[in-house]
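Below, each structure is written out as structure tokens.
Each of the next two complexes has chain A plus one other chain: chain B in the first, chain C in the second.
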Partner chain A sequence: MSTAPDFTFCTVQYDSGDWDSAPLVSANLIDSVARYTSISVAPTGVTVPLGSTELFKYPLAYLTGHLPVRFSDLERRMLREYCDRGGMLFVDDHNHDVDGVFHKSAVEEITRAIAPLKELANTHALYSSFFKFEDGPPTTTHELNGWGDNLVHKHLLAVQRGDRIAVLYSSKDYSSEWGYHPDNKRFLSIDNTKFGVNIIVYALTR
Partner chain B sequence: MIRFERALRAASFVLIAFAIWRARPGVGAANSIRVRASSLGREMPAIQSTSEQSLHIDIDVTPTPADRDALAAVAHAGTHVSWSAASITPLAAVATRGREPGGPVRIAVASAAEVSLSDGLAALDTVRAAGAARGSTVTVGAPSGALGARSGSARAPVGVPSPAPLHPVLVLGRAGWEAKFVVAALEEQGWSVEQRVFVAPGAEVLQGAAGAIDTSRYSAIIALDTTLGTAGASIARYVRDGGGLVLLGIAANAPLVRPIAPARIGERRIGTTRAFDIAEPTNAMALYPLESLRGDALKIASRGSLLTVAARREGAGRVLQAGFDETWRWRMQGGADAVAAHRAWWSRIVASVAATPLAHADESPAAEGAPLARLIDALGPAVAAAPESAAPRRLPAWLLPVILLFLLAEWGSRRWRGAR
Partner chain C sequence: MTIVERVERARRTLRAAAIAAVVLRGVAVALAVLLLAATADAFVALPAGARDLVPLAALLASLLPIMRRLRRLGIRSDALSAALWIESRFPALRYALVTAVDPRYSGRVPEIERAAAAVPFEPVVKTAARRALTGPAIAVVVTALVLLMLPAGAVARVVRPAAGDALDRARAGSRTNPLATVVVRVTPPAYASLRAESFDNPASVRSLVGSAVIVEGVMGDGAVVATIGDSRTTATPNGDRWRLSLAMPATPTAVRFRAAAHERLLVLEPAPDSAPVVVLTLPARDSILRRATGRVRLTATATDDYGLASGAFELIVSSGGGENFTFKSRTLGAATFSSKTGELAASISLDSIGLQPGDMLHLRAVVRDRNDVSGPGVGTSDTRTLRIARTDEYDSVAVDPAPPPEAEKNALSQRMLRMMAQALEKKRPNISRAALVTESRSIALDQTRLRKRIGEIVFTRLGEDTGEEGDAVQKRLDKPVNADSVLAAADRVANEAAGTALEGDHDETPLLAVNRPLLEAYNAMWSASSELEVGDPAKAIPFMKKALDALQAARSAERIYLRGRTRAVVVDIERVRLQGTDKGKPAGRTPRLAADPARDKRIERFDAALLLVRTAPSAAVDSLLLLRLDLLDRDISAARAIEAAANALRGGHDATNALIRARRAIASAPAASTALSAWGSPP
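The block that comes next holds the complex of A and B.
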């Protein structure tokens, strides 16, 4: 019997909102992990309902959307237990808008289910887990183009358990930034998914 | 007549002096002293300065170690010391501390009767080590103050070893959930953990300084797979020097550790149960069964007919091989207690091989946990009954009437002849 891959990209499906708004992100990050690391990665990602125990098979999960996020009691309970056991949830605001409905409702739900989000220091191990990001989270074209809230967010937010990240929250809209077919990386002078590799390596090692 | 009166008076004085001498506490006749153990503290100065030839102790309570040692010194100085007890319960209680951070204290108790354990704060537990052949074991987290065991009249102060000073644990392997959760479990249990996790050629995730692999630096090394990196070349020497090594799953196939592994591994098997059962959670884990066990290896655990855990000594160190794979699934997918159980399991695994600095080996406290054995060791076995010579002698019943009679006779004689 062969062993399972070390990493399978997991997108969280939640009852409310448009959880499937960034379908290309998983393929793009899987491609980057395979391209830059020796981590054995499953060639396709999975989508797992937040209220399902299947979630516990994937200790890193990705959640995004544009619409309001309202977790059910079951989803809230599962998310709390997931983080208590050591799982890490990466949430990205696909609106890139701190006044947007996703941001407001998602932050509220995370606070309710786990704990309030706090600014993550730009010196955190996340920014050096594989590639080095000395200025913290890389900016996205959506920030630079003035879309959404017209802000360049200097920090990511996080809920930490001890020195480990339980929930990583981004207002930078990496879901749009990474939402393209992996073949198109060749048109980029700098691969903008490298920070995604850092998130995955961090989750796998811390 | 006067001579008769003087004789009576002198005899009275002699008898009174004799009565006073006999009435001294703890003093008997025939150069012997008899003392109750409960009054040893009060009597010890007199005992140590006495010139009596024999001393008998009635054990009504367990003598303190200081009193017992003082009695042994008196015996060595030439006084015959014996002891007897109407009833004394043989009791032994010994505490050991696991080689884990804040290691739990395990108290092994043997007694024919019920034993109460307490620390400086309160009672901890009551155990019945029936049969006393095996005794019972009680595990307490962190006792406060003096730990003691009591069974009937026997009381035993139990010395608790100080926590072993432990060096960090080094985790080696490739980036994956196993590395993440093993590190997390050990850190949550209080271990200091360093890791060297292989991510890509030339890229390792380091936690802690990448220093030399040495027993002065690491208490144990955990190899999670065959990816040992630059540390691999030093592991065999490290173990022979006294280090501890844990080989998980396929790690035993790494060429650099295969010669010191307790066994070869067979083909990977899936768990025999789908869910992580509380009683036997390892049944749900994937397993590389241990095969071709080396002659000097010890079987530790098995699943049915499949050997799962084995260990052996290599030089001054120890190697433990556990055939399990993906233990992290236990933590993530197990029951409500899975996080704590997974954490404790890994801590025990590491503690079973962890090297402790040599300086710690001599710090174990004196075994005061077996008062009867220590008493016999110090003073010899009990005598069936108190020696006759040491029996307490009350004032003879005739003594006071005779003294009174002598004094009355002397007084009457004087009055008879008109003297005052």
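The block that comes next holds the complex of A and C.
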């Protein structure tokens, strides 16, 4: 008799922008969760509209894109309720550009829907929830290659509710960093998705 | 003058004296009421509501007896009454005067009239009138003198009670607590068009950010010093008072006043100025257009709490796909407003924008309010998206990308260098020339390093050594290197490397054409570093911008993406399960708390403040105010309850009920949600 998995990777579908710009991230992180942990994980991710109550079934929701993000009133309300109920939204700027429209519009919408983002200390529990990241968020090759804003972002941003993260925001373009088929991990000397495992473990245990 | 006329004259004199006496008595009563109230206020501060009633009470106290007396005077003010009054003073008349003025007998009995006329009663009337006026007049003078001897402010507090007059009753010059009575005058920013307000002894003051807050008190023991965070400000003496000017900060702040051994807290509570609420009414919904033709009508409405300033529609056109998007933005339909509500209207021709298949047009209305202090507040509407359908909308190619390439780590990016130069230029007025040149040369060094890296790329492509920058060029030039010479040499090198130019392309070789953006960047970087070397970042910034644009152009020209709809990947969980060689160590799981963990701490602080109520009430009030400050941005109802309790304690009133309400507000029952799923388990 099969039981429902403990964790299902959820990608948020929003009305504006290209929410499906990083389709391989979900598979890659699912692979990593299975590879490093004993968490019972669904073999494929799901896509859930942001304006749907289905979202409340998933403790972690992943949102990315390149284009301007404009939430509808319903989406804004559902996102606020999702965070109020204990969900964690992980937003990654696929443009890796602080001058880019995704960054500007997404930050504006998060501020409007929930609260202003603030820098997350590099000693936060997120960085030791499974693997240990002494220096905070791992640098992506896209930052080092000088794409997007050509900046190496020292911190992630977050909205915290009490002692837990409600919204985690990254300008580091993990969507590009992790956007490859999981079978290609064999080409990497160091698996760059380990931080994704930390995010998932953190979302499941806080 | 006949006897009748003489009696009538006496009657008028007596009547006028009686009326004047009544009025004087009324005035004396009114002054006495004011004197009583002012004296009571000097010992026990009367609340503003009670002082508001004092002028009315004085008026009523004077008018009621006047009216009653005047009504009685009206009944007795005929000639017979006056004659009887005179007869009572001159019994020898034996009613001759009454008979003489009686209309029934007037002129009929001349002997009686002669007898009455022989009596000189006028001096008695005048004396009686003088006596009637003397007492009330003395009463008026005495009460008026006593009132004049009181401090001017004390009388004004009961005659014209107003917010902010608490200082009028405080005694100046005596060695007392200068913080015992303070008045806070708040003047909101001009854009809000709100009236200035004054508050007597407030525990907290709420107003818009940027409001001028003037705190005043009476001089006493020691100088008054206000502490906000780490900054200290000393109050300015102003006659027998001290005065301190503050500005309403953006976040709730406690101002701690100290004077000798005295201390007092004042919470500055900024009131929010909401951003405008904007509703985009047209277009009503997102849509996909087959062709980008025709006009689109745009309308929006906006409202604001203090007043709108300007607004416009904002358009963003995004073109491209995958990783390579370009954006153009513009505004249209700009309008200015002078009220709290406004409407925007415009229309846009899709033909004029030049939309291509696959492009997206994002539309929204942006409105700014009049806040010129902490704003302007910017309100935006929802965004509508119009997309132009692609002809190959459903074509797709699945491409599995390769692993990411090795990282470039050893050079600062051109964008970072430009930001550093802009930052340096911004702080230029505040630093010395020597510091400017030092920092500018530091940036120039990094700029040169990056330029050399670009040079290496260019000359590697041209088939030359990747050694020192410009070596290949230098070999051909035998003269000093500069940007133009490098570019020219590169052109020659490219000509040699590529052989004869292609037919029809006489201006530049294909190889140089590919490298031209990088060469442009190289050239601009050279100019930028030259300007930075002489300490002029302002002149370097345009070159740095040009270099950055050229680098972007080079990158866009050379990056090729093959992208389509990616196949859904199903991970073989069993195959990969725990195959990772790296072993993580999950942190201990923290159970999800049922309630706000900070709540218990707040309750502890509240209970600690309660313990101080009997022994040190002022310390208890300060503790409550600080607790309120922490609650302002998270639980406004609890903050208000604490404010009421603190005010009650400070005013010396029974604060039991207010404290009970505050305790309940802080320790509210945690809200439980029943809709949560059973999420996850420890790994």
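Points worth noting:
Just so it is clear, the second predicted complex is superposed on the first by the 204 of 206 C-alpha atoms of A that agree within 3 Å, B and C clash if a C-alpha of one lies under 4 Å from a C-alpha of the other, contacts with A are read in each partner's own complex, and residues count from 1 in each chain.
Definition applied: a residue touches a chain if its C-beta (ideal position, glycine included) is under 8 Å from a C-beta of that chain, and two chains touch if they have at least 3 such contacts.
The structure displayed is predicted, hence computed values, not measured ones.
Once the two complexes are laid over each other on the shared chain, residue contacts for A:Val46 go to neither chain B nor chain C.
By the document's definition of touching, both partners, chain B and chain C, reach A:Leu204.
Shared-chain residue A:Val101: touches chain C; no touch with chain B.
By the touch criterion stated above, A:Thr3 is placed in contact with chain B alone, chain C being left untouched. Legend: residue contacts after superposition of the two complexes on their common chain; A:Asn145 is shown touching chain C, with no touch to chain B.
Of the two partners chain B and chain C, more chain A residues are in touch with C. Judged by the touch definition given at the top, the superposed model places A:Phe56 against both chain B and chain C.
Contacts of A:Ser129 after superposition on the shared chain: both chain B and chain C are touched. Judged by the touch definition given at the top, the superposed model places A:Ala115 against neither chain B nor chain C.
Residues 6-7, 36-40, 56-57, 59, 84-86, 129-130, 162, 164, 201, 203-206 of chain A are contacted both by chain B in one complex and by chain C in the other.
Chain A meets chain C in the complex at residues 6-7, 15-16, 21, 23-24, 27, 30-32, 34-41, 43-44, 56-57, 59, 66-68, 70, 72-73, 84-86, 95, 101, 108, 125, 128-132, 141-142, 144-146, 149-151, 162-164, 176-177, 179-182, 184, 187-188, 191-192, 194, 197-198, 201, 203-206. Chain A contributes residues 1-4, 6-7, 36-40, 53, 56-57, 59, 84-87, 129-130, 162, 164, 201, 203-206 to its touches with chain B in the complex. Per the touch definition, chain C reaches chain A in the complex via residues 286, 316, 318, 322-323, 325, 327, 360, 362, 364, 380, 382-383, 385, 400-409, 413-416, 565-566, 568-573, 576-580, 582-587, 589-590, 592-593, 596-598, 673, 675-677, 679-683. Within the complex formed with chain A, the residues of chain B that make contact are 174-177, 179-181, 183-184, 187-188, 195, 197-201, 203, 205, 207, 267-270, 286, 325-326, 328-329, 331-333, 338-339.
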